[in-house]
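Both of the next two complexes hold chain A, though its partner changes from chain B to chain C.
Presenting the complex of A and B:
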C-alpha cells in the first residue's frame, strides 16, 4: 500500500504551485485587495478586461499584444531554420573529433544563464562615452549605425538583437533533436538514391527532409504553443523604458502593471488572456497537425 | 571508404567550413568576454581587443573576489542548487515511479493532471500572489515550491515504464516491497536517466533568476544570478567608487563578474554534455 502515498508528495506540490493559482485567476474579475485575499475581494465583472482593451491601459496593452506576436513570428521565421541547418551540417561531419568539438561549442550558450547571455549581449552592443562594445563598433565601421548612438536606446534595434541572442543561445541545443532524427534515417535509402544517380541536394530534398518531418512538426507545434510565454525573461533583461514601443510583450506588461505597480486585478486579466490564448494555440496547432500529418503531441 | 560523387564532396567541404564558423561564432562572445576581463584599460578603451587579451592584468578578478556580496550570493546559489536538486530528485523519482504503476488508482487522471500543467498555466500574477500567500519568499520556500518540473517527471516516468515488467515480477516473487523495488531495481537500472534529470534540475537552479528576483527581498538570501544582474546594471558605479586609479576598464570588471559566475558551468559542462543530448532524445514528447 505504500505506493499510494508516493504520488501524494509531488501531487501535493503540483496542486499547490500549479492548480491552486488557477483559482487565483478569479481576481481577473475582481478589484483585488490583499487584505481580503482572492476570495474576499470585491467582484467587478469584466471591468478589468474593459480597462485593458479600451480604458487607460489600452495603448500599452495593444502595443504589448502586437509586439508579442511580431517578435514570436520573427523568432520563428529567423530562428527556427538555424538548428535544422546545423543538424544537416553535423550529419555531414564524418570526423568524430571535429563533430564532438563543434557540438560542444554550439551547445554551450544554452547552459549559460539568461542573465549571463543578456549581460554579455548588452555589453557587446553598448556604446558610451568611455567604451564601445565590439559589435557596436563593428556596426559603426560598416555604417549600419551612427557613432554615439546606443543600440539599446533605439527601438528599431531591439527585435534583431532579441532574435540574434535567441539564435546564439538555443540553436546548437535545439539541433540535437533534428540531428537524432537524421541519424535515425535508414542508410539504405541514401544508397538506393545514389544507385539511381541522385545528387546531394536531391538526397536532402527527398530523403532527409521527409525523414525528419515528424520531428519538425512536433517542434513547430511546441514553438507555436509556447509563442506567448517563451522568452519573457530575455525580454525583461534586454529591454528598457525607452524602447517599450517595440520591445514590450504581454508578459512583461503583465509584470509591470501587476507586480510592480500593484494592479493585481488588471495583471491577472492579462494572465488569463495570455494563458487562454497559449492554451488555444497548443490545442489548435496539435489538431491541425494531427489532421494533416497524423503526428501530434497527444 | 565510401565513394563520394561530386556534389557530395562539395557539400562535405561546405559543411566542415560552415560548422567550424558556427562553432567559433557561438564561442566568440564568451572568449571575448574573458579576454577583455584580463586586459588593460588603455588597450580596451582604444578598441584594440578583438580576440586576444592585451596588457594582461588580473586585477578585475581581484576586485570581484574581494566583494563580500559576491561570495554571499555564490554560497546561496550553491545552497539552492544542492538542496534544491536533492529535493527535486526525491519527489521526481517517487512521483515518476508511482505514475507508471499500472495498479495505481486513477493513474490516467494523475498523469493528465501533471501533463496539463505544461499546457495551461495560471499566469504570472496568480502565481506571484500564490507564492506570496504561501510565504515562498524565503530560502526554504524557494527550495520546496520550485521543486518539480512536469517535463522531468515525464522523462523519468517514461524511462521507468520501459523497464521490463518481468524484472518487477521476479522481485515481487522474492518478496520485495515497493521501496525495495524502487531502490534496488528501478533506480540502479536507470542511473543514466537519473543523472540526466539531476543535471536538468541542477542547471535550472544554478541559472534561475526571475522568481528569485521577484520573491526574495532579503539580500542575504539572493542567489548569484540576481546579484549578477544587479552588478551588470551598476558596474560603472561600482567601478567609479574605487578610491584608486584602476589599471583595467569598467567593462573588464563587468566581464570578470560574468566569467566568475559561469566558471562552475564551464568546468563541468564538457562532462555532462552527453547526458543532456541523451535527455533531449530519450523523453520523446508524448505526455
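Presenting the complex of A and C:
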C-alpha cells in the first residue's frame, strides 16, 4: 500500500490523501501501541467492538450512540429549515443594500471559532457566585431555574442550547446554497404565475420549492450521511460529566476513551462503527430519494 | 570527597574572578573549571566511571506544557546577569548554560516548547524516542517506567552497577523509599524522579486572623442579624462526644495540655438556638469556649500554639463567619465564603477534611490521583470508594447547604484563581471575601496577597485511633522526572547523560538547580531556616530582578528566567521556599514545627494506633506490566473525571435536595459503592495490589 500510494504524481496524490489513511482503520482491530505502529501492534480481532457493545464501556457507548442520533435528529428538524427560510426571506428583500447587509450579518457567526461562540453562550447561561449571565438571570426570574444552579449542570438544557448555538452560528452561512438555488430559478416562471393571479405563497409553493428541490434533496442526503458525525468541538466545549446523559456523543466518547485514556483501539472501533452506520444511512437516503423523486447523488 | 573538591574549586574560581575584576561570564567561569575538575574527579573517585574529558553533544526534550518552563529562555525581554551576561529569547537559560560548561557538554533543547509531557511521550514513542537523548517532564513517571521495561530507556540500575551515577546511587541508598517508588516491576530503575522536600509538611490551613479576633474577642461587636439556616448536625454528638478519653485533653505543643471541660458539642448548641443569626451563633460560640476552655481570649481556641479546636468547632466558627458578612467586611459585602480552594481543579482538596472526621483516609500522598492508602495488613485500599469517604461527602454536603464552601469551585469550567479573588481584592472596586483555605504556606501568606492571613494548627482529631494534630499531606516523590533514550543515544551520549542526571545529586549541582548560579548567592553567608538548618542565601540582585520582571514571585523567576527548579530529576530543597516566605509565613512554619503536629511521610512514623501503616504515603505511580495496563483499560473505568463529578454531586446536591435532571446523586452508601463496583473496582484493586506487591518484594 505504501509502495503504491506515494505522492509522486497528482494521481497518486489522491490515493495518498484519500485512501492511505484508511489503513489506520486497522487500529480498530488491534491493541494499538504507538511504539509498535499499526502493523506491529497486537491483533485483537473484534475484541474492541465486543468491549464497546457489551464490556465495561457499554453504558457510555450506547448512551453516546443514542445522543448522537437524537441531537442529529433535532438538528435536522429544527436546524435544517432555518437556512431555507432565511434564503426565502433574503430573496424577498427588494433593496440590494439592505439584503447584502442582512446576509453579511447572518454569515458573520460562521467565521467565529467554536471556542468564541461557545464561550459567549456559556457566559450568557452561567450562574454562579462570580456572575450570572443574562439568559440565566431571565430563566431565574421566570422561575425555570433556581439561583446558583448552572444551566450547564442540567442535562435537559443541553440539547436546546446546542441546537440554538448551531442555528445561530451556521444558518446564515448555510442559506447561501439555497439562496443561490432560488436565484437560479427563471424569473419568467414567477411572471407567468403572477399573470395567472398567483400570490406570494403560491409563488413559494409552486415555483420556488420545486425549483429548489434538487438542491434540497442533495443537501438532505448529505445531512443524513453526516448524522453520526456531530462536530465534537461544540459538544466538548459545552458539556461536563454531569450532563453526559444527554450530551455525550460518539465523537466526544471517542475522544475521551481514545485520546485521553489512551485506548486507541477502542477509540478507532467507535469511529469505524460510526462510519459504517453513516455509510448505510447515506445509501438508504439516496435510494429512497431516487425512488421517490428521481433526484439522487448517484 | 569529590563534592568537596569540586566545591572548593568552584569557590576558588569565583573568588579569583572577583579579585581580578575580569568580569568573565558565568559560562566562562564554568568552562575553565570544567577541564580542571574533570581530571581531578576521574582520578579521585575509585569506581566512578564519569569521564568528562571529551565534549559530548546532548539533545533534551523536556516538556511541561508551558514554554516558559523549558530549558530555553522564552521571555520577551532579555535578562542581564550580575556579571553582564545577556540572555535573550532562544538561548539556553543561565542555569543550563552553566551546567553544560560545567559538564563539558553541548546542550540542545529540541522540545516543542508548549507541548504537554504526556503528549510528547506519546508522539516520541512512535519513533522509539530517537529524537533526543534525554526525555523528561511532568506526570510521566509511569510512562518512563513502562517504556523503560520495554527497552526504550536506559537501565539506570545497570549503569549504577557499572560505576555511573555514583551520587544518585548514594542518594538512593540513603533514601530506600525513593528507590522503591521508582523501581519498575522488573526490578530496574529507568528514570530519575523529581523529589519534593521529603519529610516536610506540604500544605496546611491558612485563615484571615482578624476575622477570628474580630468575632470572638470583641464583646461589643455589631454582629449581623440576618437569619441563618443550619444543616450540619455535628460529629461529636451522641456516643461520640468529645470528653475525657475521647479528646478531653489534647497536647498542641510539648508541655501544653488543653482540657475540654464538658461533653458539650457546639454544633448541637447552635442548632438548638431559637433564633439563628450572626449575633446568636457567635455569642453561643464565645460562651461555649468560655464554658469549656481556660483561654485568656476565645480566639485562642483557633489561633496560635494553644489551638485545640475540633472539626465541629471549626464548622461552628465558619457559621459565625458566614453569618456576619457586614461586620467582617465593614459593609463592603453581603456574602463571605468561609472555606475555599485555590481553583476548581483543586476541588478535591475539600475531601482532605476527612482526616478530621476520625481520620478517614482520602489521599495517600500530595496528589489528587493518589487515591490509595495502606491498610493494617499492608494491602493498598482504594479510598474514594469507602464508606468513610461517603460519610465525609455527606458532611461536606451539609456544609455546602449552609453556604460554608465557595461553590464556584465545583465547576471545572471555571478557571478563576479563587485565592487571589477571595483574599486579594479587599480594597478593589468589586471585592470578594473568603476566610480559610488549605494551601502552601509561602504563597498563601505572601504580603502582596493579603496582610491578614496566618497559618493555624490543624483541627485536633482522633486519627488512627489516637487523638492528635495531624496533616495527611507530606511532601512527596513526584510523578515527574527524566530518562535516557536508548535508540537516540550513542554510548558516549548515554554516559554523559548519566553524568548530567547525576550532577543534580552532587552538592554543587543540587545548589545550582535549587538556588541558581553561584553569582546569585551570597558568598560565605547562609540563611537560617525555622528548622534550625542553614541554606544558601540569595543576593539582593535575585530579589530586585524578580521584583522587576516576575512581580516578586521568586519561584517563577527562578524557573522561567534562570531555568532552575523545573520538574526534572532532582531533590528539591526547602531553603528556597523559606526565603520566599513572609514573616507571617515564617511564623506559620515555626508554629507547625514547634507543635506536636504529625504528618504523612514515606517512612510512616506516627502515634501508634489502629493501623501501623496509616502515616505511610503511597508511591506516586505504580509500575504496571502491559498486561496489567490492558486489564485496567479493558475492564475498569475509574480513572476518569466523571467519578469525581459523581462524588461532588453528593456535596453539591444531597443536603439541598436540588439535584438537576441528569445528575446522579447516591442516596446511600450502597448506591455509592455500587457505582464503583460497576466501574470494575474489584479488578482495579486486584491489579494495583499485584503491582504494589511487586514493589514491596523489591524492597524486601
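Note that the second predicted complex is superposed on the first by the 277 of 298 C-alpha atoms of A that agree within 3 Å, B and C clash if a C-alpha of one lies under 4 Å from a C-alpha of the other, contacts with A are read in each partner's own complex, and residues count from 1 in each chain.
In the analysis below, a residue touches a chain if its C-beta (ideal position, glycine included) is under 8 Å from a C-beta of that chain, and two chains touch if they have at least 3 such contacts.
Predicted model only: the values in this text are computed from it and were never measured.
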Partner chain(s) touched by A:271 [first = chain B, second = chain C, both, neither]: first
Touching partner for A:101 - first (chain B), second (chain C), both, neither: first
Touched partner set for A:41, first chain B, second chain C, both or neither: neither
Partner chain(s) touched by A:57 [first = chain B, second = chain C, both, neither]: second
Which superposed partner A:17 touches (first chain B, second chain C, both, neither): first
Touching partner for A:155 - first (chain B), second (chain C), both, neither: second
Which partner, chain B or chain C, touches more chain A residues: B
Touched partner set for A:258, first chain B, second chain C, both or neither: first
Touching partner for A:130 - first (chain B), second (chain C), both, neither: both
First, second, both or neither for A:67, with chain B first and chain C second: neither
Contact residues of chain A, present in both the chain B and the chain C interface: 37, 122, 130
Of all residues in chain B, those that touch chain A in their complex: 5-8, 10-12, 15-16, 18-20, 22-27, 29-30, 32-33, 44-45, 47, 49-50, 91-92, 94-95, 97-99, 101, 103-105, 110, 113-115, 117, 119-130, 133-134, 144-148, 150, 153, 177-179, 203, 206-210, 214, 225, 228-229, 232, 249-251, 254-255, 258, 261-262, 265, 269-270, 273, 276-277, 280-281, 285-287
In the complex, chain C residues that touch chain A: 122-123, 125-126, 128, 147, 150, 152, 335, 337, 406-408, 411-414, 416, 421, 432, 626, 630, 633-637, 639-642, 644-646, 649, 658, 660-663, 679-680
Contact set on chain A toward chain C in their complex: 31, 33-35, 37, 51, 55-57, 60, 122, 128-130, 146, 148-150, 152-156, 240-246, 256, 261-263, 266
Partner chain B, residues of chain A touching it in the complex: 2-4, 6-7, 9-11, 13-14, 16-25, 27, 32, 37-38, 86, 88-90, 92-94, 98-99, 101-109, 111-116, 119-124, 126, 130-134, 137, 168, 171-173, 176-177, 180, 194, 199-201, 218, 222, 225, 229, 233, 236-237, 251, 254-255, 258-259, 264, 267-268, 270-272, 274-275, 278-279, 282-283, 297-298
